[in-house]
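Before anything else, here's the structure in question.
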Amino acid sequence: MPTVKLVDENTTDPKVRAIFADIKATRKIERIPNIWRALAANPEHLELCWNQVKAIMRPGKLDLMTKEIIAAAVSITNGCDYCINSHLAAAQRLGLDAEGMGEVLAVVGLYNQFNKLVFGLQIDPDVLPKVEA
Amino acid sequence: MPTVKLVDENTTDPKVRAIFADIKATRKIERIPNIWRALAANPEHLELCWNQVKAIMRPGKLDLMTKEIIAAAVSITNGCDYCINSHLAAAQRLGLDAEGMGEVLAVVGLYNQFNKLVFGLQIDPDVLPKVEA
Amino acid sequence: MPTVKLVDENTTDPKVRAIFADIKATRKIERIPNIWRALAANPEHLELCWNQVKAIMRPGKLDLMTKEIIAAAVSITNGCDYCINSHLAAAQRLGLDAEGMGEVLAVVGLYNQFNKLVFGLQIDPDVLPKVEA
Amino acid sequence: MPTVKLVDENTTDPKVRAIFADIKATRKIERIPNIWRALAANPEHLELCWNQVKAIMRPGKLDLMTKEIIAAAVSITNGCDYCINSHLAAAQRLGLDAEGMGEVLAVVGLYNQFNKLVFGLQIDPDVLPKVEA
Amino acid sequence: MPTVKLVDENTTDPKVRAIFADIKATRKIERIPNIWRALAANPEHLELCWNQVKAIMRPGKLDLMTKEIIAAAVSITNGCDYCINSHLAAAQRLGLDAEGMGEVLAVVGLYNQFNKLVFGLQIDPDVLPKVEA
Amino acid sequence: MPTVKLVDENTTDPKVRAIFADIKATRKIERIPNIWRALAANPEHLELCWNQVKAIMRPGKLDLMTKEIIAAAVSITNGCDYCINSHLAAAQRLGLDAEGMGEVLAVVGLYNQFNKLVFGLQIDPDVLPKVEA
């Protein structure tokens, strides 16, 4: 059960109403996902969060599917069920098929393993060949 | 300081020697990274780990750069310094420029934030439109 | 489903009985929360845990609400649903209103983001002005 | 070693220059901390991050010291060394003394323990008395 | 709800069929646990994962119960409900009684606490007496 | 650099002095590890922590080496460098050889991987055969 009261999609609060409309238009969706209805309990924070998502989750050097895959990899590593479902579904809508999803999962699993092997081995940094950043 | 003795690159152990040669050939590198020299303290485990990396970290539905970006996203979320440096450097060698790297970081930061907002809000799953898996 | 059998509130075990009574008296509650009934499966461990909570969760330099807020921040970061609900409810009983709770959440989300940005950027320590500890 | 080139404090980039000036003025500091110089490698992201910090890290229902304590609790739970040092130092500058800092640490340690005990015990939610949110 | 379609125990896919038979024979179980039916959505990855589990989860210097206890300790620290139930049940089948399980939990809780105390205190390494590795 | 001032081994504070003596006697060591010198900045908390360690880290249903292995597994999963070194060294002093240590690491790595695969697959609990707890 949510720790805040979800704001109704048809709220009369003008700030929230405008953001909900922008979410629907930007995402081309009919229903406001629960995360935004919950954040709307604090309209200032909702605005901050939505502006941040809009600024970051648009095609740039990385396309949108790569960004959703990163979001899924982070969410799987953190064990956030709601987020895992949401970002894997978004990546699928953008064209990730079952085989691609299997690869995402295999890489995420592999490096969660290697991160911990590295912790256990306490290895020093490699002297890597320089790359221009 | 490592918790195991790193195996010398020129070890005479035939199993380790063969794997080290395969790592150099597959990765087109001159020096064996410390992670493999440390894992070589247990040759069976080295073999298992290297075979797994070889099977997973090759182009498939996802290209290699996307896979290195996923590895970097996982490593940043887990805070593994050695791994962060290693995978960001690999992604750069595959062509990720500074702007792309900034986008990786922005997405990773954003969803580490959202994962925790979702935990705090304890929101129920959305009823998402079905997608064929 | 719990991995241990929850001990009944009216158990006849004298050690557990005394601790349950102390929990009710100290916390001014009528029912023993499930965490204590589960820990009671091992009475020695129950005693150790309850004594530790009693010693730490009392007003000191920090008041009790600040301590419950810290507990909530930790629990949200770790994604422990039971604990999130329990500590946010405790903070509310101590007077945290919806706006305050929104601020807790915003700060927790913000720094989970920044922690990971810092990991990704691998930045060196600042030379901070000294403060007498 | 940072994964990006830190931007010089006296950069001629106008957007970054303005933000650096705002950071110094808002925080009443003489030097730009490394986190902001690193984020400045991507000026858009720097702006987004700084605006978010400014909006959230100001006195509201919670005072600034409580917010820095929450930031420290999150950073300790995530093991981010740079962030731990930065937020504990900030809390000290705002008046947290050694005894208060000991209490922060004790609560953070205690609930990292309890979060994991709860995971291990797999306990069901309590039926908590309702609180008006 | 799983993010992939679980493969039927009686699948006609020959690779998956052979692995399922091996899982039943090795583990002496009648039913394929859901984790393997889900991994079977990608037969190559299933094979890789099962071979790794078979190679690692057999008696060696450590007996099988110690290995299941380690698996439980990792799973509790990561908060993976499915895994916690699975590994604690496996350890019980191998002979871990309620008192032993209480000890596992107490140690896991204790060091999750100490890990975070150490982060908060930012202590330098001890100069430990050398041990031959 | 520690966030608190480490207490000198030869402190004149009677409570701390008694605990330091008990640590040396119980652990059969000549020097107080830094963790205890740091916790001694708050003598009440030092006492609470040391009593807890003494009560939990003694042979019971599990022997001491198994308990140190659990502590190492937790510390590796959390990425606590100081703790990893400390508990692996302790396990080695109790007789864990290089091969055994390789097995600990392999199991820890394996289940950090599986925990995240399970998160990504979002699998439902198995119907496990009942075990008497």
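Which chain is which? They are A, B, C, D, E and F, in the order written, and residues in each are numbered from 1.
The working rule: a residue touches a chain if its C-beta (ideal position, glycine included) is under 8 Å from a C-beta of that chain, and two chains touch if they have at least 3 such contacts.
What you see is a predicted model, and the numbers here were worked out from it, not measured in a lab.
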{"item": "Between the pairs D-E and B-F, the one where more C-beta pairs touch", "value": "D-E"}
{"item": "Chain whose Cα centroid lies at the greatest distance from that of chain B", "value": "C"}
{"item": "Separation of mean Cα positions, chain F and chain D [Å, integer]", "value": "28"}
{"item": "Euclidean distance of C-alpha centroids - chain A vs chain B, Å", "value": "20"}
{"item": "Per-residue multi-chain contacts in chain E, two or more chains", "value": "3-4, 41, 45, 48, 52, 56, 77-81, 84-85, 88, 98-99, 101, 104-106, 108, 110, 112, 114-117, 119-122, 133"}
{"item": "Contact set on chain F toward chain C in their complex", "value": "3-5, 44-45, 48, 51-52, 55-56, 133"}
{"item": "Of all residues in chain A, those that touch chain B in their complex", "value": "1-4, 6, 31, 33-35, 38-39, 49, 52-53, 56-57, 60-62, 66-67, 69-71, 73-75, 77-78, 80-83, 85-87, 89, 92-93, 96-101, 103-104, 106-108, 110-112, 114-128, 131, 133"}
{"item": "For the chain C and chain A complex, residues of the former touching the latter", "value": "79, 84-85, 88, 98-99, 101-102, 105-106"}
{"item": "Contact footprint of chain B on chain D as seen in their complex", "value": "3-4, 41-42, 45, 48, 78-80"}
{"item": "Of all residues in chain A, those that touch chain F in their complex", "value": "72, 76-77, 79, 81, 84-85, 88, 104-105, 108-110, 112-117, 119-122"}
